[in-house]
Amino acid sequence: TVKIGLAVPMTGDYAPYSEFQGAKCMAEKINADGGINGMPIELFIQDTGSDTQTAVSLAQKFLDDGVVMLGTIPFSDTMIPVAQVAAGYGVSIFQPQSTQVEMHAGIVDNFFTGVSPDPFTATAAANHALKQGVKNVVLFTSDEGGSWSARTPLWFGDVIEANGGKVQAKLNFSFGTSDWSPQIAEIKALDTPPDAVYISSIMPDVGVLVRQLRSAGIDAWVIGSDGFDDPSLDAIGSDDPSLLDKVFFATLAPSHEDSAVVKFMKECEDMGFEVGGLFPATGADTIMAVKFGVETAGSLDPAAVSDAIRSADSVPVLTVDSISFKDTKTYAQRTIPVIGYKDGKRVLITNDIPANVPTDWN
Amino acid sequence: MIRLSQSQRSGLVGAALLAAVLVVIGVATLYFGSRYQIRLVYSAYVNLIVVLGLQVFMGNARITNLSHSAFMGIGAYAAALCVTPENIKKISLPAAPWGLADFSLDPVLSAAIAIVITAVLAFLLGLFIVRLTSIGATIVTLAVLVIVHAVFLYRTDIFKGNQAFFGIPQVFDLGWVVGIAILAVVVCRLFRESRWGIQLRASADDEVGAAAMGVQIYKLRLIAWVLGAVILAVAGICYAYFLGTISARPFYFNHVFLTLAMLILGGMRTVTGAVLGTFLISFGLEGVRYLETGPVLLGIDLPEALGLSGIALGAVIVLTMALRPTGIMGNREIETLFVRKTF
Amino acid sequence: MEYVIQQGLNALSFGAEYALLALGLAIVFSIMGLVNFAHGEIIAVGGYTMVAFAALAIGNPVIVMAGAVIAAMLASLTLERVAFRPVRKADPTTGLLTAFGVSIVLQNVFLMFVSPRPIAVTSLYFLDWPIEIAGIRLASLQVFETLTTIVVIVALMLFLRRTVLGLAVRAASLDFEMVRLTGIKANRVFAMAFLISGLLAGLACIFIMARRGSVDPHLGFDPVLKAFVACVVGGFGSLPGAVLGGFLLGAVEVAMLVMLPQSLGGMTDAFVFMIVALILIWRPDGILSPAIEKGDKL
Amino acid sequence: MTPARPLIDEGRASQADRMLTIQDLHVFHGPIEAVHGISLNVERGKCISLLGPNGAGKTSTISAITGIARATGSIRFEDREISADSVEARIASGIAVSPEGRRIFSNLTILENLTLGAALQRDQAEKGRDIDHWFSLFPILAERRDQAAGTLSGGEQQMLAIARALMARPKILLLDEPSLGLAPKIVRQIFDLIGTLKDKGMTILLVEQNATQALKLADYAYLMSSGRIVAHGTADELGKSDKLMAELTGVA
Amino acid sequence: MLVLNDISKQFGGVRAVSNVSFEVAAGEVRGLIGPNGAGKTTLINLISGLLTPTSGTMSLEGDILDGAGAAARTRKGIARTFQNLRIFENLSVGQNIEVAQITARSEGHEDSAAIAEAFERFDLAGRLRMPANALSYGHLRRLEIVRALALNPKVLMLDEPAAGMNEQETEELAGALDWVKTRFGCATLVIDHDLKFIMTLCDRITVLNMGAVIAEGTPREITTNQDVIDAYLGEDHSNAA
């Protein structure tokens, strides 16, 4: 059997960032089709409760059980010690959704992230914003989500300013904010109203912010990162779809109506798996990458599997057509979709690899 | 020659009994456990040191402390900043102020510095906290937790916030932590039976009465508070020296509740209670975590039950409080289980 | 100037929410010395009730709101029966820890039986519309919430001072057994306190949900943490103290959000808690608790 | 242990006169049995006194009657077995208590304490009259009516506790050491008051250390020691005829 | 030994203690009586440092006490018991006493032989290892007294030590306190409402009423003082105790 271990956050602070449902569904599908080279996939999944020590312990257990690939809590404070333990077994971590930059600083090399880091999404979003004529922007930052919420807005601002725009203000917020009126009053007090506000955060913050901005009469674009990619954002437009007209975000994978992700979620639901959103769905990428690696290497040796993935020109995955680690080693080179809304429905606006990404991050 | 009182003598006996238990568990794990189990037991021992650090103040002064994880964090970060090799700090803390990235010390010296820093901070905060009572004191400890966490998050140039502070030499193994835990048990137990401990416990029963007996309540609370912080710093160091990577998150609410539950279940008034509670919850949660995955037990395919460990943890607290608010041990220490009651 | 008034009103509405929550905590505390940290989860029960109504396609806002309030009240009553009755006579610390336990259990129950992820509830969005008076922007919700808080304060005061049950509620905080010895059914007294507390949680739930538009297992934790602080600052167990503490905290929080330079923005919460700690060091029993000299008495 | 030695024959009163009848009562504090099977009668309109040294189990007996302490055995009140009733039900049926240690509600005002004492009384006007009545008897309480009761002196608190019990207009009044900590003048006032109440037909069970005073008032007394009744009789019988009395209460 | 000079204490509108001055000499037993609410307990609270006087000064052996907190005063040699018991209920009986002994030891005036004897005198000898909360009320009162004695104090203040005791026990207590007087030689201040007890025990008596001293003298002088009879004893005081 092909063993894959997922010591993931099913509960606790990071419960929204767990890929295990998609992984389970994809593994089931592959097993139903005869497995990998005739071998079934066996998933080891356990909850870490978002706790690092638990994650490392579980990873150790899975490693002793002989897994070829590991998934864990997608934050560097866990991924680094897990990778260090896994290195002794020649096993790599495959994290299908981790966008934070510090994993690519060369601390550990037995690590893949199936997506591109935050500067890429920030740039893709900024490029689209510039196309819409955005000049003046307000950035919302928070230290609570690490570089994801603290630095992504700044990269966005860098790209805007590099193209003649202006960052009018940086406003601070905490996760879980449900009343944005102090910040909104700050925006109202600016000399010129902003063309766009950028925030890298999650629901419910995002939905509340959009509504309160609109009801305060601020008509600026609301632009965000993959944190926006949750079904509950769509819900705020249920009464008044126009609320979402000037909202867009750059994310990990296309998640509009006809996208592969949405289709996959539907299939999984028919199979009895609840895959509720993009983050859970990305687990399918882990499984597909391992499948590719095992098939290409023709072996179950973890190091060989990882090498096969790392050196391939293109690795087929679910969320986008393919990814590649050939030039990047640890993160996936892939297209960055920008998703907006039309009549309250998601539409894919662009899906390219941005060329003008800031370089000050690794 | 120090004359030991009756309770101090039995305190030593009790500490020795507990030390024996710790050694047995540690040695058994080392020889028979898988690497996974060794890790598990290691983190149980780290939590044990935390719970002991908590017990010193909370058990004797009987003021609920919610800031203990913050002190553990202070110890861990201080040691990490000292011990991490410069070349790694240059990568991970490129913007570190005050030349923090330009030196590194050996692990022992780093630990000593971390303990001193934690003790000094605890002392300064303690000057205020010991003057408050009951819920007021608790809320200020809560404030300390929130503030320290905010500083960890905010000064990313020093602490890296929720990102990884990595590259800490992994110098500890299970043997180390068992030894340190035993030391902590002895210290806690001797403190409890010391003249400070007895007077402090008296003041917890009746503050006015104790003052009228000449008990210098603030001073004793401060001593217990700082001693507790020192033990917590040691726990933080054990955490950092084993895992090699830390962040602000393990030193916040989740950990506060987990360790609090351990102390409460065993009984915060005794050192035995701290030890018992820690092991019961550490190993109990492991069992529950297994159930969560929806295993097949006795031929029954159990459903996946996410959140079960959380429910179990909460239920343990609620049930303990309802059935035995003083915890399993109440006012009894381990040696009393072996000695026939004399009245 | 407009800007200052605007932020002042924002502070007032922040404060109203904290006061509403703090009152829910204070009423229970004043009677049984229990710091009910699970108050936040009672709010979440209200939120999940709205989810249930949405799932049943019941959109009538009156039904949804009433349902949420009733669910919160029932939840509060149930908690009293199941979890808090056994620790009725215990010291505040025991109660506090029990409440922590209950809070952890409930959060995980939501997680286990519903979802760890936020669920959108949009049925109360209609409560929120912008009001603009002389250049000052207000949300209708802010006005509703402040008014509700004021009404609740007055009603509570009358209840506690003018009715026998109200007196009993206050007396029970010191000597539960003695209240029984006057013949008042103590269980009723406790049930009443929790019912009121649940009602307040339900009301708070409406406002929180109307604003957030979604519920997750941690819905109530942060607001109640703040409300807890508000209670302590005002003087725990004192209802006027809870109100004062709530408004004070609202003011401090908005002031910190607005006045701290951006470079210190991440420290907002730290500064809020620091100010709270300083207040407590200045007045260890809270601002409104009478300065009692500890002698042989009390 | 000295066996119970009745000084006179068991119960001279007829069955109908018995307001409170206790039989074979055992009282427990946790695992500890504090009272080991006592029996006693309180007749309607009489003042019965329960005497004995510290730790004899007097308070425990009172607590068992009100239902606060766990007990086995039979407690009949007005020909109804009440031992299974809740505390509140017992109070509602006409028992009121002024407990040991006073237990006034210290955060409530004096007026509020009295109001709560009459919690079961619906008639507001009646309540007001009662309050005025007791205020006239204890003028110091009237003076401090809006002061928090916790700031009263020990003796003032005791007066408040008795007044509070009387506010319920009980059929039987249980007084647990009402003279504890009172000045002689007040003690006399209190005993006078008890006498007045008795004259008005109130049934009283009086627990006292102050045996001389208690015996003066009591129609009948029970002497307890170590959880047992060791003697009972009228004041004369007890006071004169038994050495035991002297031993246990110091009354010569 | 202990000198009070014009001490007053105001609680809001209530003047609980008003311009009280007196002295207690070493070895002297001074009774403090007065109607309920006269300010007796308040006075003891003031002396022991639990309350701060509104005005006035006091000193112990010429050493000014003003400004010293409760613990500091205890360490200087002022010990007390409480009208409402303040027992350390989670400690054993022996540990309750040890709390005080520790203080005495650190001040260098522990007298362990005397305490061992006190255990006997106050009927606690066999009960030292019991949890304190298992004692009966009367024994708890005795425990409080022994605990105060363990401080080996210069001034001992007893707030209604005989409350809740019967006549027999009260007599025993008076005997034990007599022993205390000779064995410890401390200045003793006793509050009680049991006149017989006070009369047999005390060398001198101070009578308080409404916060002020209305009489001072030997027991005989007090019982015949008309002011005292009016304010406290009432006419027929021979029946009182």
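Here are some notes:
The letters A, B, C, D and E name the chains in turn, as written, and every chain counts its residues from 1.
One rule holds for everything that comes next: a residue touches a chain if its C-beta (ideal position, glycine included) is under 8 Å from a C-beta of that chain, and two chains touch if they have at least 3 such contacts.
The structure presented is a predicted model; accordingly, all values stated were derived computationally and were not measured.
Counted as hops between touching chains, the shortest connection from chain A to chain E is 2. Pairs B-E and A-B differ in how many C-beta pairs touch across them, and the larger number is found at A-B.
Comparing the centres of all chains, each the average of its CA atoms, the largest separation from chain B belongs to D. At the far end from chain E, in terms of centres built from Cα atoms, lies A.
Averaging Cα coordinates per chain places chain D and chain E 29 Å apart. Taking each chain's centre as the mean of its C-alpha atoms, chain C lies 43 Å from chain D.
Taking each chain's centre as the mean of its C-alpha atoms, chain B lies 31 Å from chain C. Chain A and chain C have Cα centroids separated by 35 Å.
Each of residues 151 in chain D touches at least two other chains.
The multi-chain contact residues of chain B, meaning those touching 2 or more other chains, are 153-154, 208, 306-307, 309-310. The set of chain A residues touching two or more other chains comprises 10-11, 143.
Of all residues in chain C, only 164, 167-168, 170-171, 173-175, 177-186, 297-298 touch chain D in the complex they form. Residue ranges on chain D touching chain E, taken from their complex, read 32, 51-55, 59, 100-101, 140, 151-156, 158-159, 177, 180-188, 209-212, 246-251. On the side of chain E, the complex with chain B involves touching residues 48-50, 69-71, 74-75, 79-80, 82, 86-91, 94-96, 98-100, 102-107, 127, 129-131, 147, 151. Within the complex, the chain E residues that touch chain D are 11, 14, 33-38, 41, 83-84, 134, 136-139, 160, 163-171, 193, 195, 232-234, 236-237, 239-241. Interface of chain C with chain A (complex): residues 3, 6-7, 10, 13-14, 17, 108, 111, 115-120, 122, 125-126, 128-130, 137, 139, 142, 208, 211-214, 216, 218, 222, 254, 257-258, 260, 262, 265-266, 268-269.
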